[in-house]
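So that we are looking at the same thing, I have put the structure below in structure tokens.
Per-chain numbering from 1; labels A, B, C, D, E and F assigned in written order.
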Amino acid sequence: MENLVSLWQSTGLYNFTGGQAFMMLVGFLLLFLAIKKGFEPLLLLPIGFGAILSNIPVAGIAEEGGILYYLYFGIKTGIFPLLIFMGVGAMTDFGPMLANPKTLLLGAAAQFGIFASLLGALALNAVPGLEFSLKDAAAIGIIGGADGPTAIYVASKLAPDLLGAIAVAAYSYMALVPLIQPPIMRALTTEDERKIEMQQMRPVSRTEKIVFPLMLLLLSILLLPSATPLIGMFALGNLMNACGVVDRLSQTAQNELINIVTIFLGLAVGSKLSAHAFLQIETLGILALGAVAFAIGTASGVIMAKIMNKFSDTPINPLIGAAGVSAVPMAARVANKLGLESNPHNFLLMHAMGPNVAGVIGSAVAAGVLLSLVK
Amino acid sequence: MMSKGIELMFAGMGIVFLFLAMLVVAINVMSSLVQRLFPDMPTSSSLPAVSSGIDKNIIAAISAALHQHRQKHKQN
Amino acid sequence: MENLVSLWQSTGLYNFTGGQAFMMLVGFLLLFLAIKKGFEPLLLLPIGFGAILSNIPVAGIAEEGGILYYLYFGIKTGIFPLLIFMGVGAMTDFGPMLANPKTLLLGAAAQFGIFASLLGALALNAVPGLEFSLKDAAAIGIIGGADGPTAIYVASKLAPDLLGAIAVAAYSYMALVPLIQPPIMRALTTEDERKIEMQQMRPVSRTEKIVFPLMLLLLSILLLPSATPLIGMFALGNLMNACGVVDRLSQTAQNELINIVTIFLGLAVGSKLSAHAFLQIETLGILALGAVAFAIGTASGVIMAKIMNKFSDTPINPLIGAAGVSAVPMAARVANKLGLESNPHNFLLMHAMGPNVAGVIGSAVAAGVLLSLVK
Amino acid sequence: MMSKGIELMFAGMGIVFLFLAMLVVAINVMSSLVQRLFPDMPTSSSLPAVSSGIDKNIIAAISAALHQHRQKHKQN
Amino acid sequence: MENLVSLWQSTGLYNFTGGQAFMMLVGFLLLFLAIKKGFEPLLLLPIGFGAILSNIPVAGIAEEGGILYYLYFGIKTGIFPLLIFMGVGAMTDFGPMLANPKTLLLGAAAQFGIFASLLGALALNAVPGLEFSLKDAAAIGIIGGADGPTAIYVASKLAPDLLGAIAVAAYSYMALVPLIQPPIMRALTTEDERKIEMQQMRPVSRTEKIVFPLMLLLLSILLLPSATPLIGMFALGNLMNACGVVDRLSQTAQNELINIVTIFLGLAVGSKLSAHAFLQIETLGILALGAVAFAIGTASGVIMAKIMNKFSDTPINPLIGAAGVSAVPMAARVANKLGLESNPHNFLLMHAMGPNVAGVIGSAVAAGVLLSLVK
Amino acid sequence: MMSKGIELMFAGMGIVFLFLAMLVVAINVMSSLVQRLFPDMPTSSSLPAVSSGIDKNIIAAISAALHQHRQKHKQN
């Protein structure tokens, strides 16, 4: 009898708090978005599952002694996002960008979304009940970088309490790129601009691809050391792939290693989706600002491409500017799709890959600025 | 704090543009140097084919199979 | 000369204790069973090797500074058994169980072995020299769950000193399922019962397979949060596999990740096979009780199946009840083999897979009960 | 302690049966709901084929090889 | 404005020290050797990259909070080199050695390089400014073992400050084996000796291959427990491969696991290439002694083979003695190449693989001696 | 310290030789025992082929493809 009472008092039903139940619903919603809607399932499925596990009453899976507690060390130390960034580096082909380096400027322009939403977060402090510190604002702004590991790395350093919301916003909006970007791109370009065909790219030699990651790292060392953890691991992965002499390491970095770390990282991010941290008015602000960041980043990229098209010898289709936000490769695919709609012979995919991978560099640089100036 | 944010925005976008613009210059210099000094064959596809090892196996197996197949045909 | 003396005094020959030598023999015996007899080699080979390494005099491989000492953290924190459970989840197909859900009750009945041997352990306290606490008894009972990671997880929480013996017993008896079960199954069934053919199962849709792990997790959250670490990681693996949108994660979970963790887990379990902990009369008790647990679990499953056959519309072959102990997939194969002996056209394998995977859930639930009530 | 063990046994087996029985009910409800609401194609084999990617490669390679083979035969 | 000053003061340009710049050049040199010259790229590429990352001013990637700091724990605890040794064990085929066990003595003789350079290091203390302790000397000597993981394991225990230089020397000289060895081998052998053809080897049964790693471990346990961490993990890998019943573990050990650990180990070794530790006159001594060690090891192996050829019933080509240094499989290939030069029908590769893998055992034994006697 | 080093050299080389010589003896004993007690088939190639699983797939696929191919030829 005593046993039965003690059992009943140990059930989830007895111990549930409203907040836990709500966060579990959020977890199930993320699973639904991942599985049924195909929203970045590789990350949102483990994040959603982690959210459910960490909000189970009594079990304490995200508290000391629980598996999610230990996995979180991988984020706290920065190891997980950096290893993922290394794997992404190994998967990235800088060929299109090297063939047309001026597209790097599109990847720069699109980072305006980061700083605009940083300002937006500070402006939201005017709303009673919202209180974002400069660190919080910077961590929120990085959502506009449209790069998951960068966002998680920066948020874990500047605002660990907001990590869950920021990661969820970052990956959700990356999945929503095909919905968010097209209307903005259409609004800012004319039919004629969207029809612009671009010249075929020159082939890029293997030597250039080997030298580039080292050059990128060197520039970052000289100018912005605070960005070197991110850019360094990215360059390492890219070099391992490009050099061709350590294929077994490169393959492992972009397959088994990144898969293992993705599972762990997702679960650990999910463990930060606690009612206490997530069920705040701040979260609504973060979600709103994230959407703003993506929209402004897209717009800045397109406008920059229009300006460059004016001054460039070779034609530049403004649509590829939108790919500058990163969100590789969805943003490039969106640019390609809109290009094909206006001109069925216009394949922009490769041209958009240049600004697309430039956007990854751009947001890592922006992350370095934030990590170095926001204290 | 707002003014600090604006300052941050200008500094940040400035550095991002400066950094990527310098990278543009660096790439242009590097590419021209590389093309002059190491005019090796350009690779149009960049990622080394993942399954190249397997493909070799497949090709070998197929060659062997086809060889056998042909031998049998001859016998008929 | 001094050097030579110091060298001689640092040899294993000089420093061996009888206990270490004996435990090393146990390690070699496990290797023999694994390699020559095919006893669960994936686990018993690393466990046996770990037993040898940890009993080497002077070297201190299982003491602070040694590799086995560090690997043991993966068990202490529960990370290793839970990751293995996730991989097992990804390898598990709940199709046969979902097609015939009442076979879940067979997986429930077979857990009686757990509680019977728990009682047996307490009864053995009457033997002078044996002293099992309630925690010890619970950890011993879980051997009857016939599930390696569950046994290791529970033992590491309730009775870490007995972990080595319990893990060895669990895996050894799982390997012995083809010897232990048939006589019991034959004794409890008539030839006619063994001849019973079962109806072909309905196909199960992908949606059902996706919803099931979430439902299982939800039920466990509501009723038995203490089982959610195990059931949660199992459900995560199963969902990753069933949903079809994160195949690369699912493949890694059931291949490279589970392989890596298996090596580490085996070695770490072996490090608990020290003379001090293993060479106790308790170990004999554990081995005896483990056999009892398997036998009783098998019998309960068969009897439950006979009862269900009486009351069911569709015929149920009592042999499949024995598969309820889990020990996937050997127990199901044993049921299939005995069925074929009596009726060469009677393929029970798929029908036995239902209770077989139900047994995994059953023992995870029983583990949750023990972890929540035994303090 | 023995009495505590017996109590544990009853509580334990009770919960195990209760849990799995509720799961039976839940599965039956779920299956009928799913079959009514999402009558998608049932999959008889459950595990997604591991080597599907490889198989595609193999098939492509074989097709190519056979094609070549046939071309050569024609020439003869 | 303040921001700009603070940014300038946070650039690498502002903070660089000469030492850091120099060490970064060393890192780039290692990358060049790895990629362009093919010097052991699997290790030297991550080591070189780690050297660059750890010498970035301000970023602190190798200090507490940085990723390289955490990765270094894998070396400090011995886990990384031991896991690599396990993978190497799984890749090693002892068949040729078992077919002709007396070649083990060649693997013994070649270890003379270790002790000769140990003496050399002590002798160098006569040079003003150089001060090697006995531990330092032992760690330097182990370069002569021509085995990467063994060198890293011993150096991490005896002289962690010299770890970077020792690892770089070990891997560099292993890559230089095709340059270092041939002149020595030619000088010590006559044309007639190099022409000696060896008898075809008997086939070795699977049982022998299964028993051997256990026998090796047992001997090491009895005689030299201090070598058992190395020899144990090596034997584990070898047994997993030879036994044939845990293929999935063996494959993972020699592929994904060793690849992951190689990336981490390389980066962590690189993190010890700090200006402070590397820019010492000691480093020049280490590089010089490493070359001496390789040369003496090669010579001892060849001379031993000449002696054995005198007293053996079956002919022994002295060239295979050089393979006794280990450096698997380059040293065996070098022997094969020189054999073919003198006699185009003389395939020594398989005959040289015996002493080659014996050299791995020999240096692990020597490592055990050093770890047990040098305190 | 030099004398300690020399002592270490003798002890070290002694043990290395002793160890490996004992291993030679042990191997010889072991091999003759194994050959007498377990005269199983010797395996000339030692490493279990890594890609055996794949090869089987390939071979199966090729066989199937060739079979189809032959069937078609017959129809012509």
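A few comments on the model shown:
Rule of thumb we're sticking to: a residue touches a chain if its C-beta (ideal position, glycine included) is under 8 Å from a C-beta of that chain, and two chains touch if they have at least 3 such contacts.
Note that this is a predicted model, so its numbers are computed, not measured.
Between subunit B and subunit C, the least number of touching-chain steps is 2. Think of it this way: of A-B, B-E or A-D, only one pair shares over half of the E-F contact pairs by residue number, and it is A-B. The greatest centre-to-centre gap from subunit F, using C-alpha centroids, is found for A. Farthest from subunit C in terms of Cα centroid separation is B.
With centres taken as mean Cα positions, subunit F sits 33 Å from subunit C.
As a whole-number value, the distance joining the C-alpha centres of subunit C and subunit E reads 41 Å.
Multi-chain contact residues, meaning those touching two or more other chains, occur in subunit C at positions 3, 7, 223-224, 251, 256, 369, 373. Contact with two or more other chains is made by residues 8, 11, 15, 54, 58, 62, 69 of subunit B. Remark: subunit A residues 3-4, 7 touch subunit D in the complex. If you check the complex, the residues on subunit E that touch subunit A are 3, 6-7, 10-13, 15, 24, 28, 31, 34-35, 38, 41-42, 45-46, 49, 52-53, 56-59, 61, 65-67, 70-71, 255-256, 259-260, 262-263, 267.
By the touch criterion stated above, subunit D contacts subunit A in their complex at residues 7-8, 11, 15. Of all the residues in subunit A, the ones that touch subunit E in their complex are 77-79, 82, 210, 214, 217, 221-226, 228-229, 232-233, 236, 239-240, 243, 245-246, 248-249, 251-253, 256-257, 369, 372-373. Residues 91, 93-95, 98, 101-102, 104-105, 107-109, 111-112, 114-116, 118-119, 122-123, 125, 134, 137-138, 202-209, 211-212, 215-216, 219-220, 223-224, 241-242, 244, 247, 250-251, 358, 361-362, 365-366, 369-370, 373-374 of subunit C are the ones touching subunit D in the complex.
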